[in-house]
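Scrolling down, you'll hit the structures one after another.
One chain, chain A, appears in both complexes that follow, with chain B as partner in the first and chain C in the second.
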Partner chain A sequence: MKKISSRQIYFFLACVAPVGKILFLPALLAKDAKNDLLFPILAQILVQTLAVFLVLLLSKRGMSFYELLENTFGRIAAKILIAIYGLFLLFAALLPLLEQKLFVQSVFYDTLPSLIAFAPFFIFSAYVCAKPLSSFGRTWDLLAPLAIVGFVGIMLLSAGSADYSALAPAGAAGGSGFLRSTADATSWFFDAALLLTFMGKYEYKKGMAWKGALSYLAGGAAILFFYATFYGIFAEIAPNQLFAFTQTSKYFSGITVLGRIDYVFIFALALVMAFYTVLPLQGGIDCAMEAFGTHKYLRTILSVLINAGFVALVVTLDYQFNDVVQVIAKTLFWIFPIFFLLVPALSFLLGRKRHETA
Partner chain B sequence: MKNVTGDLKKDTETLKKLLPAEDILTFEFVSDRGLKFTVVFADPITDKELLGEQVVRALSHFDGKPTAAEVGKHITSPEMKTEKSFEKLAAEVLAGNPVLLWEGMDEAVIAGTKKVFTRAISEPSTDVAVKGPREGFIEDVKTNTSLIRRRLKTGELKIEMLEVGRRSKTFIAVCYLEGTAVKKTVEDIKKKIREIDIDVVPDSSYITHFLASRPYSLVKQIGTTEKPDIFCAKLAEGRVGLIVDGSPIALTAPYMLVEDFQSSEDYFVPPYRATFTRLLRLFALIVAIYLPAFYVAGQLFKLQLFPVKLLLTIAGSIRDIPFSPSLEMLLVLLVLEVLNEASIRMPKYVGMALSVVGALVLGETAVSAGFVSTPAIIIIAFSGIGLYAVPNLIEQTSVLRLAMLLIAGSVGTYGIILLTAFTLLYLVTTENFGTPLFSPFSPLVGRDLRDSLFKYNLGSLPTRPKTLKSPNKRRLG
Partner chain C sequence: MKLRKFIKTIPLKLYFLLTIVILYAFFSNDFGLVDIQKTAIILAAAIDKAESGFSLTTQIAVPKGSDRTTGGTSSVEIDAEGETVSDCLSLIYAKTGWVPKLVFCNLILIGEEAAKEDVMHSLNFFLRNEYMPDSCLMAVCEGKAGDMLSSQSAIDDASSLAINKLFSDAAVKSGKVMPNTLREFAISYFGVSESGYLPFVRASSQESNQSAQQTAGSGSGGAKSGSQEEEKIYSAEETAIFRGGKMVGLLPREQTFAFSLLKGNVFAGTFNVKEGDEAVTLTVLKNDGGVSLECKPVPKAKFSLDLLVRLCCRGSSGAIDGVTVDTVPEESLQSAQTIVTGYVNDLWNTCREKGCDLFQLKRSLYRSSLKKYAEWKDNFLSSTQVQIKAVVKTKK
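Showing the complex of A and B:
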């Protein structure tokens, strides 16, 4: 498989990455920040854009993520760090996985045990994880238009029902509300960390850092528009509207005649989301591969084991979603910036020094 | 292996020993000056009229020196060569070319008087065009290569004959435009063909197995066509074509999935019409694959997928059906597949009756007896027709439809989405001879989209498809 092209990276940042942010998070932020929910999201988008910019700038050095760590921290530390990084990505995968499980269970089925409904996802995930990260690039070429069609379709059906004045007056949540909701949203924004694992697997092009950052901002603008519409439709009852992008479009008047035509767009976004949710798992396995060698069947074995482990975890935590949110999003959120911002920043500062003195 | 000795009796016996079959005949004659000749030929595949006229009659008055060169001058057949090895001579006899031996000469002459059995060139039934050329390939490799040569009158057109099959010794013509096709692709294809170790090659589909990068995959990886105009157009784009003797289906590589959504007619109608037709084919195919699956998934797991009025109609239709929705749909699909299979193989007259039995008796009575519901029959009927919008992919898409139906019946809508994701990932990671199967969509090649599911005006297509990496980029101007 050839390297991921810069265009595919932009597609990921602009179209695929935003899909993971419009499912459970809008309701959570509507609870914490009320009509100010755009501010924490904006803050997260800006921080993440900076991190994405940094990672893309680092990729100019033509190193893989492991080589970057080795160059910055030395060989032994790099091995340890990349293993920790892999663990972090697996940890980060838990919330989106549980979130998606609930989404699948409630949106796709009227009656079906949650395990049967969601277990096939792990078969797909195991298949994807057994493939190298670079095979993702081509899927983004297909997922980008699908995400656009899904998002535009949902927004066309939703925007008419929204009363955007519900977002005013700004500042109702206050400074502490803003800080708390920004912290809560952190667990959903770690795209720069994912991008780090792709280093060395995509070709660097001149101006890529700027274009990548702009792409992420474009995706961020779409997220903001969605959040505004979401709150514009539901206002005070927004915190109760889980799985936001499946809720906003159902008030479209044509639905009474045509049925839930919005499902076409929901399915499109669900397809994109399936690929996006696998990414941290695959990134985790890729890190493990770097740390523990490249035995022929190691990737397949790890892929099966890790996915089997997650099946068990998802079953165990079937009714503990709120507790998991409490632990990951509200307590351990500080872990995320270490990996998506601190590591690339340190690599940028220290690594270059070493590179220059070498 | 032994060579011809010049002892006519002994040489004839040696050759006959190699070819003991009863239809391998020998014919002896003597020239006016008393030189003895023996012709060894395969009776059913040698044109005896030509043999008599161009060889026997020509040599009956032979009065020159008994050398191969002199004898050759008297034979009037345009195809002629000399050979010493008995093994090669035997192969020529089996190919229909008579071998001429004579006293005192340690070399034999092979005359090209093979009898060629060909049917008339006709329009292929799988690729009918309302506008555009109607010629189709036939089973004879020489006729087929002549159809190509007639369309591409250039010295750049290379036709290299390779032989495959230990017993069938089937000729495969490797055709390409030198300087337009990628050299490495040509070499890779020739190498793969040379490496084929097989007993008999009855059809070109046997060769596809050896050329595919994923030979056990359900996904088609080598292009096929029965029309010389399409074949030549593909050569002109930089592809390599293969014509297998005995098969009217020519192969082309590298192959991209989008090719099967294009028809030759698209190039003879206005571009907007061609674009519309191509999108229609895609739509028909998507509906054909997904409609039965979503119908079942909707009934079993998510009734909200249906509008209320449609839901009430469906509820009324399925009320007395004894089977579950998935079993009912599977049953109707199975009946359709059986009818389809039977109608293809049956004689035409019986086929007509079969259609009546299938459509009216089975369909109508099954509904009135309460075995299956009307919506199920309508859906499968539409799906059945939809698949034929892209006939070259029917083997793959019918299996995919069945898989979708099975997963819909067991896991529901999300299962359909996951199977779609799985299929997409598999397709985008498949490539053959360095060309991705899903190109120009994935990896996205903007320029090549102009002749993909969309069709731009000819003037907007000045270059060959970028995906094929042809060294000769421009084709217009």
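Showing the complex of A and C:
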């Protein structure tokens, strides 16, 4: 089987994963945390870095995710757990998918387009999901420079318009604001859970755990810089700016003369985001494959069925984005740490013991 | 062999193809097709107070003949009354059958009466509308905004384009106007200072050449023809100041100029000073301005101005040798310093009297110390002391 290289894992953690956090989340956090929006993000980044470190450390054992669960919880429990894990990833995919759909419809079209404008995404998604997760490695090689160019371009055009003093005074939102917004952000931070599904598809290299954690921190630093700039530009009206990375660069003085040249960078990030959005779906299918066998056409059938299901969901929830945010991000946020932190932590603690006693 | 190689590369090709399909679907923008016959491209919007709610006048660009004599922008004004701005736009749609498109709306004009109530009641529509650029310029105008937008400009095809010219970069550098955008106004409105500003536009009549010729042709004592349209020229040298979204006062041109200087906007702008009885015009070559807040022991607003000026012209003719001299005599520098300090002082007094925290000092206090903010926020402007330091230098 084709293996993902350690470099490609670092690229994912440092360049691809941060893109999913700079679209809708900044406005949501600005609502509760106001000028303190960097703190909940910092908390999420630190927790996620720890989880990434843990997952990479687990991969040292050379097991796939299913083997790890089997080693920790036994065969039957592992089958059930991996199926639940697959369902979780599908659940986690819903918010980014709806976010992406709204973004494409609102930003790339002058007037509201028909639903069909987003439909090709699911053809693309069905194709990508029909391929094994290990095929993503090469894609990250291509997406990483695209993400860097997109992000750097947007930041170069945005930073000059920001008044970073808008972030003061620290602590204005208070403890409750911090807790509320940290909880809200949880639904966007589950990269360690995604990484868990990649176990066994890459070989652990010496120092990979801390290098991976550092890569994630580097991506996290970029996210923090973006959030600071975002709030520096919009201050009190930040909660109203729904598609953050498409909003910050338009005040660059050259735009009035040259037109929206920033769209080049926005396109780059949008493309990276499209691949990132597919990832939980593909992870979910991979989990199902591990749980229910490796029949030749099972992956393709699952891919078609799941994507068709998501088409139906997206159509049904067309005007319910706020309700979905309310349910997933504000009510069911606690589900996420179970999968990205508790499962790897238990596997780390219990699995080792079982291994040692064996 | 070749066939096998081809089949092997099919997944990659398909992957590539689907990525292109995605790009196409996402970024096609319906292939940029805008049916001009069904779309109202709104250039500007004017908001007035109506009996119940608002009156919205939109200036809509309409296609114009393409021959050389009729080039330019032609427009038509459509108005509607409703309880909300959205309501008004729907009515405009119903009246015309054109889908209102706000992407190109670059000016929001607010009528004088409407500005005396919380303008954010009407502006929140524009702020929430994702197709509306929040870099859109805003202004308050004398009388009804709808009338001003519907008036005939003497210098441009559409009144909104003529008014937009008042807010050009060059105009800002002259120090005569202080433009503001929807975004900046909204930030100051929702911030702790709850204060903001907008340029105040006035219109004055200007007889067009054609009208003048017609008048002349009708005889020396003849009255103007009743059908001729009065052309207008616009100016925005005054600035409306807001507190809580309501217009609470008007800064005259001198105070607007002082405000520009404090913002450090002025380059090559001019102002007059006295040298004895003679008027002298000075050009600002360099303008460093700023306002800061000192919190110990009581709040103190510190206004600082550092200007480098040169002599532009005198009000009377002198010897030819004097024409080449552009350094400013000490007496004029002293006069400039006194005048500029006076302008700033008047500006501060107007703001304090009207309760408008134009310089966002309350925000500075909030950002520097939450404790002191809680202590002083209720009577902040009245208890703030002021220190003005203006230095006017000339080129040596």
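Just so we're on the same page, the second predicted complex is superposed on the first by the 353 of 358 C-alpha atoms of A that agree within 3 Å, B and C clash if a C-alpha of one lies under 4 Å from a C-alpha of the other, contacts with A are read in each partner's own complex, and residues count from 1 in each chain.
Everything that follows uses one rule, which is that contacts are C-beta pairs under 8 Å (C-beta built on N, C-alpha and C of every residue); 3 or more make two chains touch, one makes a residue touch a chain.
All values derive from a computational prediction rather than experimental measurement.
Engineer: When the two structures are laid over each other on chain A, do chain B and chain C clash or fit?
Structural biologist: Clash - chain B and chain C, as placed by superposing on chain A, overlap.
Engineer: A:259 in the overlay: touching chain B, chain C, both, or neither? Say first, second, both or neither.
Structural biologist: Touch status of A:259: first partner only.
Engineer: So, does A:137 touch the first partner chain B, the second partner chain C, both, or neither?
Structural biologist: first
Engineer: Examine A:7 and indicate which partner it touches, taking first as chain B and second as chain C; both and neither are also allowed.
Structural biologist: So A:7 only meets chain B here.
Engineer: Give one of first, second, both or neither to describe whether A:151 is in contact with chain B, with chain C, with both, or with none.
Structural biologist: neither
Engineer: Kindly classify A:267 by the partners it touches after superposition: chain B alone (first), chain C alone (second), both, or neither?
Structural biologist: both
Engineer: Just checking: does A:124 make contact with chain B only, chain C only, both, or neither of them? Give me first, second, both or neither.
Structural biologist: Both partners.
Engineer: For A:333, is the partner it touches chain B (first), chain C (second), both, or none of the two (neither)?
Structural biologist: A:333: touches no partner chain.
Engineer: In the overlay, answer first, second, both or neither for which of chain B and chain C A:108 touches.
Structural biologist: both
Engineer: So which bit of chain B gets in the way of chain C here: 98-106, 206-214, 278-286 or 440-448?
Structural biologist: Stretch clashing with the third chain: 206-214.
Engineer: Chain A residues touched by both chain B and chain C?
Structural biologist: Of chain A, residues 104, 108-111, 117-118, 120-121, 123-124, 127-128, 131, 267, 270-271, 274 contact chain B in one complex and chain C in the other.
Engineer: Name, in rising order, each residue of chain C that touches chain A in their complex.
Structural biologist: Residue list for chain C touching chain A: 11, 14-15, 18-19, 21-30, 34, 99, 101, 103, 127-128, 130-131, 133, 135, 183, 186-187, 190-191, 366-370.
Engineer: Tell me, which parts of chain A touch chain B in their complex?
Structural biologist: Answer in residue numbers: 1-2, 5, 7-8, 104, 108-112, 116-118, 120-121, 123-124, 127-128, 131, 135, 137-139, 141-142, 256-260, 263, 267, 270-271, 274-275.
Engineer: Help me check something: in the complex, which residues belonging to chain B touch chain A?
Structural biologist: Chain B residues touching chain A: 301-308, 310-311, 407, 411-415, 417-418, 420-422, 424-425, 428-429, 436, 438, 441-444.
Engineer: Which chain A residues qualify as touching chain C in the complex?
Structural biologist: The contact residues of chain A facing chain C are 104, 106, 108-111, 113, 117-121, 123-124, 127-128, 131, 165-166, 168-169, 171-172, 234-237, 240, 242, 250-251, 267, 270-271, 274.
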